[in-house]
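Pasting a structure below so you can have a look.
Labels for the chains are A, B, C, D and E, by order of writing; each one numbers its residues from 1.
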Amino acid sequence: MNEFVTLMKSELVITVIIFLLLFIKLGSGMKNGMLLLVIQNLLLLNLVIGFFFNAEGNLFDGMFHTTALIAFQKSILNLGVYLISLLFAGWYMKSEHLAEFFILLLSALLGLDLLISSGNFLIFFLSLELATIPLAAMANFDLEKKISSEAAMKMILSSAFSSGILLFGISLVYGATGTISFAALPVLLDGSPLQIMAFVFLITAFAFKLSIVPFHLWTADVYEGSPIATTSFLSVISKGAIAFVFVSVLYKAFQPMHEVWHNMVMMLSIITMIIGNLFALRQQNIKRFLAFSSIAQVGFILVGITGNSIDGISSVVYFILIYVFSNLAAFGVAAAISSQTGKEKIDDYKGLYKTNPWLSWVMALALFSLAGIPPTAGFFGKLFLLTAGAANDNYGFILIAALNLIVSLYYYLRVIRSIFMDKNEQPVEKINIHPSTKFALIICAAGIILVGLMSWIYDYIHTLG
Amino acid sequence: MLNATYIALIPLLPLAGFLLLGLFGRKYFKNSSGIIATIILLVATVLAIYTAYTYFFEVGKVHGVYQKLIPLKYTWLEFSKGVSIDMGILLDPITCMMLVVITFVSLMVHIYSLAYMKGEERFATYYSFLGLFTFSMLALVISSNIFQIYIFWELVGVSSFLLIGFYYDKPSAVAACKKAFIVTRFADLGFLIGILMLSFYSGTLDFNTLIERLTSPGSTELSTALSSSFLGISALTWAMILVFIGAAGKSAMFPLQIWLPDAMEGPTPVSALIHAATMVVAGVFLVARLFPIFALSAPEALQLVAYVGAISAFLAAIIACTQTDIKRVLAFSTISQIGYMMFALGVSKYGGENGLGYTASMFHLFTHAMFKALLFLGAGSIIHFIHSNEMKDMGGLRKLLPITHITFLVACLAISGIPPFAGFFSKEEILLAAWQQNTIIYWIGLLTSGLTAFYMFRLYFGIFWSKAPSLSDSAHRKHHGEGGFAMMLPLVLLAIGAAAAGFIPFGNFVSSDGKVLESEFHLQLSIAPVTFGLIGIFIAMWLYKKQNDKPDKIAASINGLYKLAWNKFYFDELYIFLTKKIIFNLIAKPAAWFDKNVVDGLINATGNTTQFISKKIKGVQSGKVQQYAAYFLVAAIAIAVLFIYWWK
Amino acid sequence: MMQPGLYHILFISTALFFIGVFGFLTRKNLITILMSVELILNSVNLNFIAFNKYLWPEKLDGLFFTIFIIAIAAAEAAVAIAIIINLYRSHHSIDVDNAEELKY
Amino acid sequence: MNLSLLILIPLITAAAVLLMRNKQQVKWVALVGTAIQLALALVLLFAYRNEVASGNTNQFLFQQQYEWFPSWHISFHLGVDGISVVMVLLTSLVVIAGVLVSWNIEKMTKEFYFLLILLSIGAYGFFLSLDLFILFFFLEIAVIPKYLLIGIWGSGKKEYAANKLALMLMGGSALVLVGLLGVYFSSEVRTFDLIKLSHLNIPVNIQMICFPLLFVGFGVFTALFPFHTWVPDGHSSAPTAGSMFLAGISMKLGGYGCLRVATYLMPEGAKQYANIIIVLSTIAILYGAFATMMQKDLKYMNAYSSVSHVGFVLFGIGMLTKTAMTGAVIQMVSHGLMTALFFAVIGMIYERTHTRQVNEMGGLLKVMPFITTLLFIVGLCSLGLPGLSGFVAEITVFMGAWEHPDAFHRIATILACMSIVVTAVYILRAVSRTAMGSVKESFAHITDAKWNERLAAIILIAGILAIGVAPFWINDLIKPGAEIIMQKIMLVP
Amino acid sequence: MSGSTIIFYMLAALTLVSGLFAVGTRQIFRAAIFLLFSLIGVAGLYFWMQYEFIAAVQIVVYVGGITVLIIFSIFLTQQTGEKMPKQKLGRQIFSALAAFCGFALIMLQVYQHTFTFTGSLNLIVDPNVQNIGNQMLGVNNGGYALPFEVVSMLLLAALIGCILIAAPSNSPKRGELPHSNPKSETT
């Protein structure tokens, strides 16, 4: 029983928090401010606990397994969720359903945690759904907004379609191998056409969740329509967790087919980077912009995944860690501005530096990190992904990736230009930043600068992997 | 015994003057700068004379041959083993001669300028520039390394640029200084490539080693340099031709002569120093310095030197006959006289009797420095008085400017080759050398000497006789005078030089191989030039002594030729055509256009194409969830097919 | 005609799957789209049961998979319908083509 | 000599600048910081000379190595040879001059100085690093501050220029990155360490791929034709200190990289591609010079002439002889100082006349003799006047280039030599139109340079003269470094 | 042709034909009924394969739950009997083609693949309620307790989500609703 507690610690804690919130909700009405504080502290606790009592092992006959690396990955997700709880304070304070929002969010987080730990297709599928269905509800959280329901509708229908194809793929794998366990799979794979097809169907589900082109089309619409807290969860936490699972599924369960998936991932990576960049070029809405930019970022994650080595894993994990800080900082600033002024267009940011220098610098840092500019951590993250990917001597591929970096730089600089250079008669007024938002932005900024320079963080990840 | 420090001080003193006056002159030495510079130069002159004396009479001659001494050498920039730019001093007869000439003329100019430039706003700057020039020129002549000579070659070029453009608010002066610099720069390109070639074949940049390696018949360097050829001419010859292009540029030889007449925009003393006596003969000096190689290993190049010199001498003399600006007349006469020196070198051979041309050339260089400087300073004195360069504004000045008149006459006689003035001796020697080696050139030289006498006396009569001085001129005299002691002293000293320098037994000191050259006096040969000179003088007297319309009539009768000469044979126009039409319109403009539209256009096009594609594919993101699913399905099927059937 | 077996069932399930897909792609009404999703999920269930029965009867993996899929389908349908109703409130229509404000 | 000081001091300065409260404090902190940098650079110079004189024959001296990302075999490895020493010196000179000429900047002073010093960190780190990863790191550090400097404080079509610059430079560094990764994976041990890599022989097929990637990548920084178009727009739009830095140091990063990374590590590749490099750089030299002739704007003029001058750097490297390489490095330093001074002068003129069009000026010699004299000096340096640094550099390159006896190299060299005439033409046109002629009415009351401008100019001129008058010291410093590179090339059959 | 075979083909025909109608008919209510038949057909197939438990679950959850849910929502949002607008022909053809290609591909792969029964007949686990129940809550030896818990959490979350989205809000902005008080079925 003790083992059960230590191994499933993270899931248990989250479940406990969910029920706590449920009780609070059902019990007396707590004021939003107080409730938010409670939630934040609970999540902080969750984050802290994540670093202790870590053990490796399997539960439920291998359905659930955890390692030090997985525990670390969960901690990254916990960190991200904690930051989300801090960042969007302005929006939370106005919400009528704060407790429900966090119950749904934590359910999704629970799903993601289980996903990372899943040891067979069944639990994989279930936790994937657990991580999706609440999100669809969260997407609809701006109940009064038309686009919010539209986003939710697009999300739930697309994901249902995607689950259908995923399940068909799983059923074929099951039919062809007779197992649904990841651990038992490699010896049973022989690369027959049926298996390849089943594998492709499986991949599409990952591709859908990671918004890999051409399975990405829902992403931008959903990001734009959803409340920004949901968007950031979708784009950072959910995406990060799926990336972790993707790596481990490819590297472990489908290792015998690595030639197939290597090429496939490479191809998808190229299109994803190119299309993501091309679309990001002309976006005006900052959320939609970040959606496409995060599509392009996924393309880079795929570059690292093609490495098929321990470096591949650690560089992906490292990148996600950095991505959490950078993307959340960007979303945080965007949210701070939009919650006070309702402005979400890039052109609205013109002259922001004059009125809000502090926010501007954080935004700039975040964007530089996303663009991979030193000395921000994003530079190291991107570089290690490319290095991991380059291990197979595909110079052409790496060159395409590197050139895509330039295109992405172009549109990140577009925002920077708006903020710092363009003149504006009526810039955004001075924003009152909620203290917790400010705190979270400071953490993000510190993370953006320090995670890269402190090389032991990477090495720690490397030893875990 | 020679002390290298003293020799080094000769150029370094003017440099110190330049730095002192250049940095602090405007503030602290506004009025005293002239005196300071003159004193510095006086010291340098004394040192130069002392050096020359010591060399010629004490240390220079070993076993009857003047040695090339190197009392000082310092590695400045080493390229590879044996190939390095050294800063050093090479003492040989021509160096010593040049040291004396330069310091002396420069001193004269310094003194003269005390009065001539008085009251000028940039007085200190003027003297600092003079110091810079003197330094560069002195360092040029003592160079022991071919690159060292190139370095100071450029530096004299720039100081000439600065001095020509001294009156920088005059557009013509600005144009002239640019022209002078760019034309000589163009020639220097040849010089530079020549140096590169020489260094490649000889493996050294040091003059002594270079000459030794490229003249000793058995050496490997020489045989490689001679064996590789281009267009049937050996590499060494090409190298020497290229070096000569540099020399021709600086010495304003045909066809690079165009800059010198314009250079007269500078202050007149500067013209005397730079564009008459010293800098422009640097080309001659360079050819003389490398003379053994020219003569022994690249005779074809020497031939070229001879013909270029002769043509320049003749053409410039013709042009000089038509010019009305006195400084321009003198400028063309300078070109003509340098042409003399050049062809004298060109017809010379190395060693012994046949080396007469070499000695004659150097001799003429020496005497020319005296009388040409004198002419310019005299002209300066006239201009100072009249405030005009144009001959038509002058006339009958012999009463108003007596000292100038006398000294000017001496100079005119000297340049016309009338015995016993200095020019007679040197010119006679040159023609003798030409007679012995190449009769065509001899006849050209002879004709030119007649022309020289003609245009010099045209000038002389036009200024000092002709019409009577106008009233305003007399008024001038009252408050101007002749310029005072500072201006008269140099005139007198130079006049003495111009009159007496011919009696120096030059062959004893300067010869192509260092041995004493006994020059014989050929009376029968000296008759012809003197006759030609006298004829020229008489024609000039007949035409110009009194104001009349004969010159115009004659000019009208040979209108075409006259116009051609008056327009300097349209060389300027040719060059403008080349630069404006060809280089600007056909190269530079297209290059700029290409850069803006093609190269930059391509880069921008990449960006625009990306934007364009981005705009075109936006329809994919249609907002229709079913379409998204359709893409999803099709992509899944396509990838499956691709990886099952195709990409194994 | 041969005895019906695995392949027959696979044929039926695949056909049903693509009938569902066709419906998903062509219906304009959100609720009918949802119905198509149910068809898709049912076809998958059929697959699992068939494989479990004919190939891997030693364990009940396929069966359990099916049970859980049914549960998920229910949950998904419930949330989807809630969302559709919400959409209906704001758009006054459940035509999918009326909900495409977010694009490009 | 502790080399990390050269990175730490600017870092501390930058941090201190951010902490300051008012503009005066910011300026003085920046000045003191850069002055310390200059002092350190000089100390480094003398320490290096002493060390060499005392018989230390190591290729790189004062090495320092700290573990950094050990799992990738990356270490923070610093060290200098003569080439790095002079580049560091150049950087410190330009930076302090840049700080001085920007003394009057009013808009966002703190940010301006912060970015300027950030740039210098990039440059120092780049020149000092012996690990290719940190070399790349510092290379990229220097890009974005430039973008901001141009975009915020620039003039003209600054956004366009800033974008173009950032994107093209990043494009260059993307190529560099791929090349570096190729080098990294070519060795069994997988190392970024320059010294270790230099002892390994990188397989020829890898060299054939990676050399062009690295060379072109660094070449973009060095305005390699046809990737030079960021130069004119970027330089002319940047604020004075920005242009100084851009042309003075940034372009040298590329040259240094071409030499130290591409050529040194991949001699076979260098040999194979040398002719292409020569052709491209010859085109850049001549074409840049001719394009300069048509420019009317002083900054554009200097920018295009930089293309031409920096062409000599690549030309020298492409020649693959010791002398030419030495010349290339001298040219880097010389051009760095000269062009920085040129931009500083243009900035001073612009500040007073509010125009950069040569046609609108004239006679400035009368109203501001000091600044105009600077213009003369820098112009003369640019056209290769002996006694100034440009001459030494160009001559060394030519001498080195001429060592090849074949017709191809000969023709290329002659063509390159021709640029000295063209340079003379455009420099004289610019200088004479600006400085000479009669002075305009509106410029009659212009004042001459102030103390900060004078000081900046004197610092740069000191450098120019130190090379021009006494080139032997820099030659002695650089030559051993070039010799080691050449030894590797000579080993190639 | 045995009786079992005939039943199989009848069930298959029922499933596919009513499935086709479900996606083809333009009357939404009919579509729901056809969907019902199709789901019953699938349940019949489970019976035919002797997976009675699953068949029962299918009937209870799908037929009794989901279909009813759908029909309710149709009532809420639609006037019955009204024909749905027709989809564009191009879209239909394209979709049909894509679906057919996918079908063809999968069938091709399935028929080219030889599925062989590899296990031994005496190890077969009977899918009866007892076995299923034991495994469903077992922790070890292939127990399905964890998925069970996960699904319960999922249902909880879905429940909360549904309430939140579909329940009438207190905010006055919602007054513009067409139906005075639409009740949520899930509550």
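By our rule, contacts are C-beta pairs under 8 Å (C-beta built on N, C-alpha and C of every residue); 3 or more make two chains touch, one makes a residue touch a chain.
Note that the structure is a prediction, hence the values are computed from the model and not measured.
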Open item on the list: Just to be sure I understand: going only through chains that touch, what's the smallest number of steps from chain C to chain D?
Closed with: 2
- [ ] Could you tell me which chains are in contact with chain D and with chain E alike?
- [x] A, B
Open item on the list: Going by the touch criterion at the top, tell me which pair is linked by more C-beta contacts: A-C or B-E.
Closed with: A-C
Open item on the list: Among the chains here, which has the CA centroid at the largest distance from chain C's centroid?
Closed with: B
Task: Chain nearest the overall Cα centroid - done: D
Task: Most remote chain, CA-based centroid, reference being chain D - done: E
Task: chain A and chain E, separation of their C-alpha mean positions in angstrom - done: 31
Task: Distance between chain centroids, defined by C-alpha means - chain B, chain D (Å) - done: 36
Task: Whole-Å gap between the CA centroids of chain C and chain E - done: 6
TODO: Compute the distance, rounded to whole Å, between the mean C-alpha positions of chain B and chain C.
DONE: 97
Task: Contacts with 2+ other chains: residues of chain A - done: 122, 126, 129, 133, 136-137, 140, 143-144, 152-154, 157, 161, 175, 178, 193, 197, 220-221, 410
Open item on the list: If a residue has to touch 2 or more other chains to count, which residues of chain C qualify?
Closed with: 17, 20-21, 24-26, 33-34, 50, 55-56, 64, 68, 72, 75-76, 79, 82-84, 86, 89, 99-103
Task: Contacts with 2+ other chains: residues of chain B - done: 607, 618, 621, 623, 625-626, 629-630, 633, 636, 640, 644
Task: In contact (per the touch rule at the top): chain pairs - done: A-B, A-C, A-D, A-E, B-C, B-D, B-E, C-E
Task: Of chain D, residues touching chain B in the complex - done: 164, 167-168, 225-226, 228-229, 232, 287, 290-291, 293-295, 304, 322-323, 363, 365-366, 369, 380, 383-387, 391-392, 395-396, 398-400, 402-403, 405, 413-414, 417-418, 420-421, 424-425, 428-429, 432, 435-439, 470-472, 475, 479
- [ ] Flag every residue of chain B that touches chain A in the complex, lowest number first.
- [x] 607, 610-611, 613-615, 617-618, 620-621, 623, 625, 627-629, 631-633, 635-636, 639-640, 643-644, 647
Task: chain B contact footprint on chain E (complex, rising order) - done: 91, 94-95, 98-99, 101-102, 105, 109
- [ ] Within their complex, state which residues of chain D touch chain A.
- [x] 67-72, 74, 133, 136-138, 140-141, 143-144, 147-148, 151-152, 158-159, 162-163, 166-167, 170-171, 174-175, 177-178, 181-182, 184-185, 209, 213
- [ ] Spell out the residues on chain C that touch chain A in their complex, using ranges where they run on.
- [x] 17, 20-21, 24, 30, 33-34, 37, 40-41, 43-44, 47-48, 50-51, 55-56, 61-62, 64-65, 68-69, 72, 75-76, 79-80, 82-84, 86-87, 89-91, 99-103
